[in-house]
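Below are structures written as structure tokens.
Next, two complexes with chain A in common: one pairs it with chain B, the other with chain C.
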Partner chain A sequence: MSPLQPLNKSARLAILCYVGISAIVFLLMMIVGLVMRASQAQLIGVPPQFFYQLMTAHGGSMIVTSGLAASAVLWYFLRRYTNLYTPILWINLGLFLTGVVLILGSIFIGGFAGAWTFLFPLPSHGLGIWSTGAATAFIVGLLLIGVGFLIFYLEVARAILKEYGSIPKALGWPQLFKNSSDTMPPATIVAGTMVFIVNILGILAGAVVLVLILINLYVPRFEVDPLLTKNLTYFFGHVFINATIYQAVIAVYELLPQYTGRTWKVNKVFLAAWTASSLMVMAVYPHHLMMDFAMPSWMAISAQIFSYANGIPLIIVTAWGALTIVHRSGIKWDAASLLLMIAIFGWSAGVIPAIIDATVAVNKVMHNTLWVPGHFHFYLLTGLVAMLLGFMIYMINGDDQSAPINPNKPIDVKPMTAADTSAIWVYTLGSIGFSMMFLISGTASVPRRWAEHFPEWIVYSQVATVFGSFIVLAMLILVIKIVIRLPKARTL
Partner chain B sequence: MIHENVLLLSLVLMAGVLFAFVYVFIHSTKLEQDYASIAKNSYSKRDKLFGFIIIAGVLIAIGTTRGLPYGPHNANAKQIDVIGKQWYWEISDTTATVNQPIIFNVGSADVNHGLGIYDKDLRLLTQVQAMPDYTNKLAYTFKEAGEYKLMCMEYCGLVHHSMISTFTVNDEG
Partner chain C sequence: MIERIFWIFCALAYSLFAINTNFEASMINNVLIAYTLLIYCGWKLGSSFDIEQHWLNKLSNYKGIAGVLIASFTLAFWMIPNWMELAASNTQIQLIKHFSMFTLVGLPLGLSWSQSNFVIRGFVKIELLSMLLRLGWIYLISPTRLCNIYSLSEQALLGKALLSLAVALTLYYLYPLFVDQNDRAKKLTPGL
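This part shows the complex of A and B:
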């Protein structure tokens, strides 16, 4: 690999904006999440209308902000292998911020509380609580954010294809299927290719459903099929959040070799897993629709089989690879590497209850209970967010003094302070405990998205509130550190 | 009950993952220079595990697709229409008898809802989505007499959490 080139000033500034904004929004939305759980625990009083507004803000903001932070990871590492056009970063950020302003305005000024999943025709059924204008602002806001991301991934596609020639080559198919002796594509290229394929399709599906809902808002005669929109919504949502994880995991592929001084070898199993997941991540979304009996039953059956087959290869490849590269490596842990390792655990463990829930017989009694936020909070809080925090802390650690521009030499480790260590472990235990309380609540059949709970269920929320407080406290420490040190972040 | 079994299975598998990470983490700071051997040994095990899990996963997935709730349904079952409306259930009949096969014909007059049937211990027994323009047929046979709750399982607006009706199941005869 050629020595690293410094980031150009504009790209560096943009990436630091992505990092800073994401870190702050994560913290704020975690506080919102804590308020919701404290309200369900009856420790504070939040009126149902405001609860559902907070729920809409929390879900929507977390999804798009995770996408923003993960796109920074992808860009930062991808530019080591390709020539990316920096203004795209700013266009994406501009559209993102404009969209966020519209969404927050629709929620907190217009009273929109239709949930981030905006299941048709709920946006047009505010029953006087929110107006058509508020629903429009929410949908247009999401559309703008989607357009920004679409432009971003088109640029990723352009840059990769220019360098590697074709999608099959970027996915390593000649090496996988034809025993080509050409050098394997780097993990970042393989992951980046998979991400741009699925995310471009996913975002387009999301844009279609948003436009359909938008037209229907003003021309109710324009009939929209609720089951079709549900399919499009879940296709978009499932693909987008999974692709977010697949981008963030690039930080693990790139940084653990630097921390251990070992090579993360791309081999045929790696290539096969990513190719298989590229296809299957798009095929499994009907597992969100297993309780829609009007759907063809073969879709539920195939979703169950694909869900089992989809999650496993990529995670085994990544988790096993991470464990192998770290095992007896003499690694000197710092905050960034520790968070990345915790994140791989969170992702690997968190998908287990998700995969089990993709069994029709289980889904029948777990769907739309708190089991669902249980598994996605596990792999998003302990997994994705920890991964993104690891990347952020790597960025703010500044340039590597001992091995300034050689990615194959062990990194210059920044010793952890007591505050770092405490914050990371409190965050980890808090996020595991918080998610486990969702899972336990789901086992007790507590429905999700209920502003008020029966007295029998309140104890779960109360314990969850304690764990949630740990998360917020730890996150506060980490975010302050990240934001303060942003100006001294890496230039390479 | 399936609920507890699902939690137990999840916890066992998650504990296995945790064990692997803790084991490697504890041994991570010791240095073994011969990474090639470590990698070869590790990836050999992974490939075996990989194949085993894929085959087991697909077999389990196929094996658990028996007895799906999608029909065909008992033609002699009692038919009960359930329509979700913001924010109440319109139910054609709120009574049934123990061991009487029932088909709930579930739809919606406005937005997406979800019909969840809860027993007296607030345990979710079964559910189905309630959608405008579609009728989802949910087959269920109550095994115990008593009062059941029909609750909304899909977020449908500001009174979603209060969209609850009761359903009475009487003893046979």
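This part shows the complex of A and C:
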């Protein structure tokens, strides 16, 4: 491969904006989450209406910000293999920020509190708490963000197809099915291909359902079918948030080799896992609808089977690959590589409660309890966000910023400071503890999305609040470090 | 030249035919046949011109974006039931509709499509698919007639037709992505 050219100025600035904005939004929204949990713990008083506004803002911002940060990871590494057109980064960012302003305006000015899942018919049933206008602003905001990401993934698709010719080649099907001896596509290309396929289809579903809800807001006699709407909404929502991990994990595939001076070996098992997951990630969404008795039961059953089958192969190839690449490599750990390893653990562990909940028999009991936020906070905090933080810290943690990357020699690492080490471990343990408290509350049948809790439940929330403040504290240290050092970030 | 006259002639002939018969009294004919036919003729006419290097095009139609936008807004306008209805009852409006389908949707698309790139085309295709799905859905569920001249059952039939069209188009758009572009190019130009 020809030596890597530094990022051009505009692309570098854009990537740094993505990184800086998402780091800050993550921190702010974690504080919002802490406020919610503290209010459930009755440590502070938050009026119920305001709680639901906070919940809508927290859920919505976290999801779209994860998308933003993850897309930065994808772009940053994808451009090592393909020619990407920089202005797309700015168009996406512009639409993203406009959308976020609309969404926050709808929540905090318009009072919209229908949760980020905008489940029909809630947006049109504000009962005087929010107006049609507020619901409109929320939906239009989401649509704008969707348009930005659509353009982004179309560009990803263009660049990959230009270089690799077709989807089968980019996913390595000739090597997988036809024993072709061509060189394997790099892990980044495989992941990027899967992500653009599922996200473009997901955004299409989202764009259809959002506009239908919008039309219904103004012409209520078009009664859209709530169950169909829910299907489309969760198809979009599940695919979008899952795809963030599939993008963030590219940082693992690209950076661990740099830290060890080894290469990430793409083999047939790896290719098979990614191809299978590309299909299955689109088939598992009915695990959100297991309690909708009007759904055909084959959908619930297949969702359960696919939910088991979807996550595990990918995690195994990733965890296995990471362990073998690190094993006896003499790796010198720094904050970034440590976070990436923790993230692999967090992702693997977090999938367990997720799979448990995707079991019809369990879901009957656990549906809409705090078990659900429990499993997703687990893999989002210790998996996704840890990966993203690892990437961000890698970006800011280089001394010789433009030194060429030599594939056979480990990069120079900066030893960890005491602040780094303690922040990372406090973040990790805090996240595990916080998520466990959600899970434990779930097993005690505490419902999710309740602003006020019964006295018996309060102790769970109180313990969780302590863990939550650990997370926020550690995050504060990490984010300050990231933002301050951003101007000196890597250029390669 | 002959080719251009032919496409203009086709559009005119259709228009004359439509205003003298009640061909467009059927919703399916109106949306699926009339619109498609007129747009196709306009497209063919437009793509016979090579305007890419023209200063006016360079100034105003960067990568064909302006042309594509004009086409989508015009098309969206003629999807609004009130205007469809008016066009069905008033011959002048009907003529305007034919004219704008030809000159404001087909023609700009034909002039602009070859200048656009993968991302713009992809965007237009996704937008087209989602529009077909939304409209199909609306037509299916609408409890009342959106245009007074068309019957409810016909409206629902159109809804199903639009949804099927969306599915077929999705497959049609996906297919080339699974075929190696480089291989295809090699097959098309064996000399290379």
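We adopt the following convention: the second predicted complex is superposed on the first by the 483 of 492 C-alpha atoms of A that agree within 3 Å, B and C clash if a C-alpha of one lies under 4 Å from a C-alpha of the other, contacts with A are read in each partner's own complex, and residues count from 1 in each chain.
Methods note: a residue touches a chain if its C-beta (ideal position, glycine included) is under 8 Å from a C-beta of that chain, and two chains touch if they have at least 3 such contacts.
All values derive from a computational prediction rather than experimental measurement.
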item	value
More chain A residues in contact - chain B or chain C	B
First (chain B), second (chain C), both or neither touched by A:265	first
Chain B versus chain C as contact partner of A:204, first or second or both or neither	second
Partner chain in contact with A:297 - chain B first, chain C second, else both or neither	first
Partner chain(s) touched by A:154 [first = chain B, second = chain C, both, neither]	second
Chain B versus chain C as contact partner of A:225, first or second or both or neither	both
Which superposed partner A:449 touches (first chain B, second chain C, both, neither)	first
Touched partner set for A:166, first chain B, second chain C, both or neither	second
Contact residues common to both interfaces of chain A (with chain B and with chain C)	225
Contacting residues of chain C [partner chain A, same complex]	117-119, 122-123, 126, 129-130, 133-134, 137-138, 141-144, 177-183
Residue ranges of chain A touching chain B (in the complex, touch as defined)	48-49, 52, 113-115, 117, 119-122, 125-127, 129, 225-227, 230, 262, 265, 267, 269, 289, 291-294, 297, 300-301, 304-305, 307-309, 312-313, 316-317, 319-320, 323-333, 341, 344-345, 348-349, 352-353, 356-357, 359-362, 364-369, 371, 439-440, 443-445, 447-454, 456-457
Contact set on chain B toward chain A in their complex	2-4, 6-7, 9-10, 13-14, 17-18, 20-21, 24-25, 27-32, 35, 38-39, 42-43, 46-47, 49-50, 53-54, 57-58, 60-62, 64-65, 67-71, 86, 110-112, 114, 116, 118, 122-129, 131-138, 151-162
Partner chain C, residues of chain A touching it in the complex	85, 88, 150-151, 154-155, 157-158, 161-162, 165-169, 200, 203-204, 207-208, 211-212, 215, 221-225
